[in-house]
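First up is the structure itself, then whatever we jot down about it.
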Amino acid sequence: MASPSSLCLLAALLALISWQAMASDPSPLQDFCVADMHSPDHFFKAAKLDTPRKTNKVRSNITLINVTQIPGLNTFGISIARIDYAPLGQNPPHTHPRATEILTVVEGTLYVGFITSNPNNMLFSKVLNKGDVFMFPQGLIHFQFNPNPHQPAVAIAALSSQNPGAITIANAVFGSKPPISDEVLAKAFQVEKGTIDWLQAQFWENNHY
Amino acid sequence: MASPSSLCLLAALLALISWQAMASDPSPLQDFCVADMHSPDHFFKAAKLDTPRKTNKVRSNITLINVTQIPGLNTFGISIARIDYAPLGQNPPHTHPRATEILTVVEGTLYVGFITSNPNNMLFSKVLNKGDVFMFPQGLIHFQFNPNPHQPAVAIAALSSQNPGAITIANAVFGSKPPISDEVLAKAFQVEKGTIDWLQAQFWENNHY
Amino acid sequence: MASPSSLCLLAALLALISWQAMASDPSPLQDFCVADMHSPDHFFKAAKLDTPRKTNKVRSNITLINVTQIPGLNTFGISIARIDYAPLGQNPPHTHPRATEILTVVEGTLYVGFITSNPNNMLFSKVLNKGDVFMFPQGLIHFQFNPNPHQPAVAIAALSSQNPGAITIANAVFGSKPPISDEVLAKAFQVEKGTIDWLQAQFWENNHY
Amino acid sequence: MASPSSLCLLAALLALISWQAMASDPSPLQDFCVADMHSPDHFFKAAKLDTPRKTNKVRSNITLINVTQIPGLNTFGISIARIDYAPLGQNPPHTHPRATEILTVVEGTLYVGFITSNPNNMLFSKVLNKGDVFMFPQGLIHFQFNPNPHQPAVAIAALSSQNPGAITIANAVFGSKPPISDEVLAKAFQVEKGTIDWLQAQFWENNHY
Amino acid sequence: MASPSSLCLLAALLALISWQAMASDPSPLQDFCVADMHSPDHFFKAAKLDTPRKTNKVRSNITLINVTQIPGLNTFGISIARIDYAPLGQNPPHTHPRATEILTVVEGTLYVGFITSNPNNMLFSKVLNKGDVFMFPQGLIHFQFNPNPHQPAVAIAALSSQNPGAITIANAVFGSKPPISDEVLAKAFQVEKGTIDWLQAQFWENNHY
Amino acid sequence: MASPSSLCLLAALLALISWQAMASDPSPLQDFCVADMHSPDHFFKAAKLDTPRKTNKVRSNITLINVTQIPGLNTFGISIARIDYAPLGQNPPHTHPRATEILTVVEGTLYVGFITSNPNNMLFSKVLNKGDVFMFPQGLIHFQFNPNPHQPAVAIAALSSQNPGAITIANAVFGSKPPISDEVLAKAFQVEKGTIDWLQAQFWENNHY
């Protein structure tokens, strides 16, 4: 049988141009597939939890560790993210089109929730403390909010895809490039075009995994 | 080997209480699995295309034909929908958490589009005429709009799941039960709480597949 | 995170030599994977339904729209076909080795059916009118026939693979290149070798998706 | 964590009514799922290779060992078959809608082949001796024939599904219950209705896995 | 369309007897499937990180949060575990037959490693500090060891299955019930039967997820 | 539609550098994918069963026929192995991280078994005679032993992956390169470091598929 090294030679070449974009999430066909077979660094990512992090406009910071950061994750259908929340910071309503998420609070308190699909659109929400675990089903709109005005919060999120993707609702609907016609959005949100124009003016830099 | 009839006996029992909700979309393990093995009606649905249809508040009507309507679809990972659009009607921005969609225009004209995930949120849109085909990738926000003020439009949409699900963005974000906190939404959409309260007041009956 | 453009650069290169042959049908790992990230045409196919179409020896015409025609379908596990039937035309008995099919009649009338696997080989058949929907389970032999001697028919078929494949039974069994030994076929069909030789002489150009 | 015994309690109940028909072929969710957790017999099947076997009308005998014979195979996506061929016996042209097959000759000689899908319908064939291995891709029409007029042959076939299914072409096309209209078949095979009627009269008892 | 409540009615009944043992890890067919549709507790698990935990004979403690603890995980293919290590404690060499693992150190220091499959059996190892991330590919033998003689360590492990399973090598090989024949093991480990008998005498209570 | 030849052109190029290492085991997207479309040899492997074979230190010989030997197996999720056992020879305790196995005895007698996962670690074992069939669930530790001191044995094993992988426990745990720390192993196996050092000194050349 060919050695793992030779079996992954092509993968090594392809990795130079981000080939993992072609693959999909099912069962792997080898132990792993990375460029340099002799380094444990392809399975490792240093990410100090103690360093305070700069947060964005909605006062959060998401550090995704997916197949781009740890090449060894290729074909294995899993990734994680660390999320830092400043006091009153949030990870605003978004979906992961390709993953379910399990979130563990490691510091502080979070108010979290998700909304079910049509026709019921039920909100399931909960206040989580340090050590608590909550899950967000694949493709559903969800959010996390740090309700504490004085203390930051930190969570670790496990996601069921090596490249889960994220769609921040406000950014995608009101901040797409080019914008969606305000005629379409006014009818969809049952408001005047002027309100849509106002909402479209507020979109800001994306900040999600 | 056991006959298909006996192999599907349990499925028949379970179908009485909608058992298909448990299954998933991968390869089937038998020819098909339906309650009454001797009727072709488990593979069939009458749905006259000529009948004019009543439309909803956004002036569209979606008739989904999934595993609930055609039990034979069980385990096969595919379904279809017929969509009727009144003049200036729309199928507002929504996602299918479990399916990619291919839409074929069979009557009239449609302006359609989808938005890519973070961080680019690009809008891909197109005007389609009778016979034209367009696709919406799994999990991405998309919409269809009939720009003709006088003529209706009709489309057939194929979806890559026996139960694709749908999340209408406006309904889920501003019309969930109970509502998402306006403190969270105000920050997410970068507007005042008053604007969020106004938007939440507009939600209406869900109307999507 | 790398932008979708860079993530799909390799896919773009590979697409030039039909790389989709390597991929498989499961969950995608990105929004989509196409060569030119800035054109909606990768998600679109013009296919006028009004144009009358030339039909083949069995008086039908199949226009498959799979990943070859719409590159955006890559990794999404779905495709569609438009089928035109002249009066008394048919889509003869065939299988799709990699897909289940849902067929919607958009013009005319069709007599359709499929046969279950061993040991029962039951025929499930139905006459369909405009708007009616029927499904053919993965891998089973099926056919459609336009019984109207004066009117054409048109159907749209959705298939659960980006490249479903088709095996027309008569062509494969009696028209393979080189032919199957008539000693084998005579025993299999329980007839004389002369009958097999006669059948093999009738095979004609393939005409299926 | 619940013990495997309790986790499989329901499976035990369901097995009484052949519940495996509902499941599909992907990754298992437990070590295995059988009714009686304490017997190795759920993983075992006695099948003496030395016993001569009675053959059918086409002079072969197929002994499938799938999830029905070995309950432990449930959810594991694999099965095997032993095939005995009398001198000049055959396993006539057939497909497995849900499996690829690897065949190993353990006694005698076999002439084997498969035909590719449209539009090329190429025949790939080979004469195999004891110990030789050949594969038949999923869904393609294939056959085996023992060309030796004096010696029997035996093969072991591994199949990539716990319930692969089989469609014997002659039986399904000319022996379905009820028969396919001879008007459809005459056009499909490009012969007179009389020839079709003759072929339909020859069908016999099914004899395949 | 049926409401999620009715679609999951059967799942609710089945959950009472641990039905999740039957399912597999692929794409879900609904938003989620839990017994009581109106409680967020099916998506939640309280698990205080601050409480010191009792450790076992190898001085570790594994708290798995899989589908048994959070019913909402059903069909979503992901779970997590919290692992506590006393000073010089370890999670001894083991495999997960159904999952890849991503481990994040949240307290202390860990020496971790995995061994590749035949024929190379390479050891990839690394010392991890607080915040560092390491992955263990599906099915490979791996371990974690807290080398600090004075400080405990804590890690969060994400696993790519709702029920990953674990096989502790020493326990399975030398502590199975009934024992593997010492004639087999003596040859396999290339030692005297007496050494095997000694090893078999040391096995102790299992302590793993 | 593109011909199979052109669709597989890239696969042909990639095959030169073992590209199959990148792919995974799910549904194929074409009839097959091999370099030279016109040769049946890509689906064939000569492997005479009559030739006596040289055995290794544990007195067995494993001949794996996977995608490396039969390129046509690519994307089809199945492979087979022939195993020869000298008198008192064994295939020592090992796992296949990516496959379930079905073993058929074609010559002689075998004592076979597997051990379940934590926490029960039950041994399921059986003595098999010629023609008997036994299965080993995915990822579980298993072994075969020829208890006859005078007669050899031969088995054919079917595996549910095109590249199942194998981990021989003794070799991986006590013979990894570099070795696992004896401090870790002494605690894991509950023995003195001296015993571990002795075991590590015994490892020998790997001999498994």
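Order of writing sets the labels: A, B, C, D, E and F. Residues in every chain begin at 1.
Here is the rule we go by: a contact is a pair of C-beta atoms (placed from the backbone, for glycine too) under 8 Å apart; a residue touches a chain by one contact, two chains touch by 3 or more.
Just so it is clear, the structure is predicted and the values come from calculations on it, not from any experiment.
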Exercise. Between subunit C and subunit E, which partner chains are common?
Worked result: A, B, D, F
For this session: Kindly point out which of C-D, A-F or D-E repeats the A-B interface, defined as over half of the contact pairs being the same residue numbers.
Result: C-D
Seminar exercise, completed: Ranking D-F and B-E by C-beta pairs in contact puts on top D-F
For this session: Name the chain whose C-alpha centroid is farthest from the C-alpha centroid of subunit A.
Result: D
For this session: Calculate how many whole Å lie between the centre of subunit A and the centre of subunit E, each centre taken as the average of the chain's C-alpha atoms.
Result: 24
Exercise. What whole-Å value do you get for the distance between subunit C and subunit F if each is reduced to the mean of its CA atoms?
Worked result: 38
Exercise. Out of subunit B, which residues touch more than one other chain, so two or more?
Worked result: 1, 14, 19, 23-24, 26-28, 31, 97-98, 113, 117, 119-120, 122, 138, 140, 165, 209
Seminar exercise, completed: Interface with subunit E, subunit D side, in the complex: residues 1-2, 6-11, 13-14, 19, 23-24, 26-31, 33, 75
Problem set entry | Interface residues, subunit E side, partner subunit A - complex | 1, 3-4, 28, 31-32, 37-38, 40-41, 43-51, 65, 70, 72-73, 76-80, 82, 100, 102, 104, 106, 113-114, 116-117, 119-120, 122, 124-126, 128-138, 140, 156, 158-160
Exercise. Taking the complex as given, what residues does subunit D use to touch subunit B?
Worked result: 14, 17-26, 64, 66, 68, 97-98, 161-163, 165, 209
For this session: Mind listing the subunit F positions that touch subunit E in their complex?
Result: 57-58, 90, 92-98, 111, 113, 115, 117-123, 138-141, 143, 145, 165-181, 183-185, 187-191, 195, 198-199, 202-204, 206, 208-209
